[in-house]
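Consider the two complexes below, in which chain A is the common component and chain B and chain C are the respective partners.
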Partner chain A sequence: MAVSFPSTEYFEALRDRMAAEQEKFRRLGFIDTTFGVRVGHNGKTRNFVLEFEVFELKGVREVDAIDPQKVDFTIEGDAGVWREMIENIHRNGEADSSHDINTLAHFGEQLKVVYDSPDGHDKLYRFMESIQRFFDLSSKLDVRFN
Partner chain B sequence: MAFYADKDYTQDEASLEAANQVMQGNLSLHWYDANTEKIKGKPADLRRGLTYQDLDIGSYGYSSIPEHVRNSQSMVARGSEKWGKLPDMGYVINRKSEIWSDNVTSLYEEDKARRWTPAVDVPWIELDARPLPAELEAACAQLYTFLQECALVSLDFSSRWVSLVNQDFIEQKSWMCAQMLGWARLNEAFRKRALYGGAGLKRASVAAEQGLKEWLFADTFPQGSFSINLSLGGFVLAVCRQVAAFAPSRVDRALMGYAMQDTARQTAYGYGQLRYFLQHRPLEANAMQEYADETEHVMLALMGNPELLEPLIIIAGGGLEKDQVRNGRIAVSKFIRLVAREYFERIEAAGLEGRSRRSRIPALVDRIEVPA
Partner chain C sequence: MAYLATRNFLEDKDFVDKWLYTMRTGELDLSWMDAKTEKIKPHEANPRRGLTYRDLDLGSYGFTGVPEKVRGNRSYAPRGAELPEGLPDAQPWVSRKSEVWAFNTESYYEEAVSRQWNVTTDIPWERLDGVEMPETIGKALSQLMTFLTEVEMIATDTPALWLPRINPEFVEVKAFIASQAMDEARHTEAFRKRALTTGWGLMKASPMNEMALKHLRDADSFSEMSVALHLVAEGNVLTLFRFSEYLSPTDVDKRIFRLVMQDEARHVGYGMQHFKYVLENFPEKREVVHAHLDEAENISFAGAAATELTESFIILAGGGLKKENIEEGIKVTTRFNLKQMEEHFERLEKCGMPERKERSKLYQMFEMGKAAAEAAGIKLS
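Right, the complex of A and B next:
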């Protein structure tokens, strides 16, 4: 069944895939971070908070606004950029180097990483392999775009 | 010999007789009722296993280490009973604020959980299937030559200090050993990448090495940690992100993906240590500002030296054609801005207020900027 992006159901579907492939995530090690995802579309934004603990996505919720004090960092970008990333993942099984989070967010020109604390920002890179692998699980979902 | 034990144990009849009595079955059990706390450790989360955080209990816990460690100069494990003539190890770091960061134990556990193996986790053979053009491979060889210099000096920094840190800081010393192993792993990965590509190693960087030696031999641990863990760590992290973003091969992307995780942990410790130090020793902020005034020029020796800039330009541009070099220069100019911005963000958030206004770096970065 198709899940729509952006939505809580999309992240919950990734969470279920992550649990099903836990051995791969165990090999990458603990992932302890809470971060935001902000998707802009036609002047509006949808905001999600993802809470990772040990080897799993412990919780995901949609919020009206992301409190920067309660997340390590937020990845934000237009729906078109997110869509391009997810479609690239779907085509290749994983994001290629032009479409992974590090590249898209590197100079803040496509995706942007915003944060209150540099320590929170650095967690993106401390857990990058797990975070990218999490989004790469989109390759196993049928995603439709709102 | 720098130290002689209090006696020659081969000549000590009392020691031999004590061993003989035990082996005859006359156990003394003088250790059995040691004057120590009885506790039972328990994992807070079975998925994580038993961590140092789980054992932060009572007299065994790191939370109870005081700012000044006054009565513990031997190699005794924290919490055990001290008796007899234990040797004075001559530790020179005996203040918690000089070394500690609140994230030490979590970084140590994270480091072990997220370890990787360059020999098998990098898909080396993809370079055989898709070899890089000669100029790109040469640029990679130069880049990874430079990165080895950074990794080796970082390894030396932890090893220079670890034996001087009071043994009560067990978790801290364990983290410093993990740092050494982490930098050794990065050096291994950088070296293997350079040599696997077939171009060999290239030239050392005089500017980088002169500057890094200045940082390595900082007079105090907080100063050196500010330079090596925070400044160099953050810089190498940015290089890893840059090369991953413009990765010429899947090998480079995979390697830099792992490397950015390792260097981000070093940076997180450097940030946490500077913050802890300044929170507990606010009067030291001026001295740290003056230290930065003197040594911050090394940032420019690192990010401005041709042995790094040129390979980064070729990698970001994709080659040596005029347009490629132009695109590469623009990308590297953005990289330099990113390094400088994040450097000041970290140290100002850690407590060195106004550093970016006081520093010479922003004006110098302006001078080497390439307009987009």
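Right, the complex of A and C next:
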């Protein structure tokens, strides 16, 4: 069944895949971070808060606005950039070397990482491989774009 | 042989007789069964995670109750054990909690253990088969790997050097520092293996880099070592790994840099939490650390500008040695350099040292570099 992006259903579908592939994520280790995802679309934004704990995505919710004090960092970008990333993952089975999160966000030109505390910001890199593999699970989903 | 036992047991008749007596009679001493220690029942706060060091933070076994100045235990007795007469003084250099402690030390260690990885088996080396890179790119990549191998070797030695100096009461810190030494040994392995798989072998060692690295090793106190290693050097290295991942010519290199950056960010995290802890609990250290930072920043400025590093970055970022490649490479590398400095001051400020900017020559250099970059039309993020 197709899930639409952006939506909580999309992240919940990734969460279910993550649970189904527990062995892989256990091997990568503990992931303890809460971060935001902001998707710009037609002058509006959709905001999501993802809370990871131990080896899984414990919760995801859509919010009106992301409180920077309550998340470690937020990855933001226009819907078009997110779409290109997800479609690239779908085609290759994982993000290719031009579409992984660090590359897209590095100079803040495509995706941008915003944060209140550098300690929170560094958590993106502390859990980088788990976060990348989490988004790479999009290859197993049928994603529709709103 | 530096240490001699205070008795020659092999020639001590009473000692040998007692050994034989026990063997003959089966008479046991059993006084240890009455150890005057606390009985507790730890349990897993989160069964998904398992039994953590934090779950053991109970009574006399816990880390919360460790005093600022540890005078009671200078031996290898585990925290919470009964300390009988006759324990040797292991002469730890660091017996003051705020010298080594960090907020959440125990969870940095747990994270380190659960996020270990294996260079031999977790990197898809087979994907390098048939990868052809132009000579300049291959050599620049190998030079970067050569440089990083030097960095990681000192990063292994430095925490390891401090391990025996730390009072065993700080068992969680020792465990974290030991995990860091292991992480850095793995980074050395990763970069050496990648250098040798470029087909160009290793390139050139860097005197400038090694001078900077030596400074990390030779600090007078743990806190000074930590601020120079965990905050200045590894903070820079974390930004550098992110940049290297961004520039990586193959997805194998991307995977390597993503995995090393995870470890590096954890080391920086410990460093930040330690630095905050020092400033809050040992205010007299502030000036000492400022003085150490003066030199650490001087040296990191020089190390980051080492020819062997910057030229390989310029080539990797610009895609070659043509004029337009070099122009582009310089632009991208300058943005990275300035980002590195900016993030350094961001971290110090967040840890409670906002005044660093006023005092720091490196901050002046950052402002000057930013103005020069803007004048040259280099867009900064």
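By definition in this document, the second predicted complex is superposed on the first by the 146 of 146 C-alpha atoms of A that agree within 3 Å, B and C clash if a C-alpha of one lies under 4 Å from a C-alpha of the other, contacts with A are read in each partner's own complex, and residues count from 1 in each chain.
The rule is short, and it goes like this: a contact is a pair of C-beta atoms (placed from the backbone, for glycine too) under 8 Å apart; a residue touches a chain by one contact, two chains touch by 3 or more.
Model, not experiment: these values are computed from the prediction.
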Consider chain A as the common anchor and indicate whether chain B and chain C clash or fit when overlaid. clash
Which partner does A:Tyr125 contact after superposing on A: first (chain B), second (chain C), both, neither? both
Once the shared chain is lined up, is A:Asp16 touching chain B (first), chain C (second), both, or neither of them? neither
According to the stated criteria, A:Phe55 is in contact with first (chain B), second (chain C), both, or neither; which is it? both
Contact-wise, after the overlay, does A:Asp67 reach chain B, chain C, both or neither (first, second, both, neither)? neither
Could you tell me if A:Phe30 is touching chain B, chain C, both of them or neither one (first, second, both, neither)? both
Output check: A:Thr103 vs chain B and chain C. Expected answer is one of first, second, both, neither. What do you get? both
Both chain B and chain C touch chain A at residues 28-30, 32, 54-55, 97, 100, 102-103, 106-107, 117-119, 122-123, 125-129, 132
Contact set on chain C toward chain A in their complex: 46, 48-49, 107, 110-111, 114-116, 238, 241-243, 245-246, 248, 250-251, 254-255, 258-259, 261-262, 264-266, 268-269, 272-273, 335, 343, 346-347, 350, 381
Under the touch definition given earlier, write down the residues of chain A that touch chain C in their complex. 28-30, 32, 53-56, 96-97, 100, 102-103, 106-109, 117-119, 122-123, 125-129, 132
Residues of chain A touching chain B in their complex? 28-30, 32, 54-55, 97, 100, 102-103, 106-107, 117-119, 121-123, 125-129, 132
Mind listing the chain B positions that touch chain A in their complex? 45, 47-48, 103, 106, 109-110, 113-115, 237, 241-242, 244-245, 247, 250, 253, 257-258, 260-261, 263-265, 267-268, 271-272, 334, 338, 342, 345-346, 349
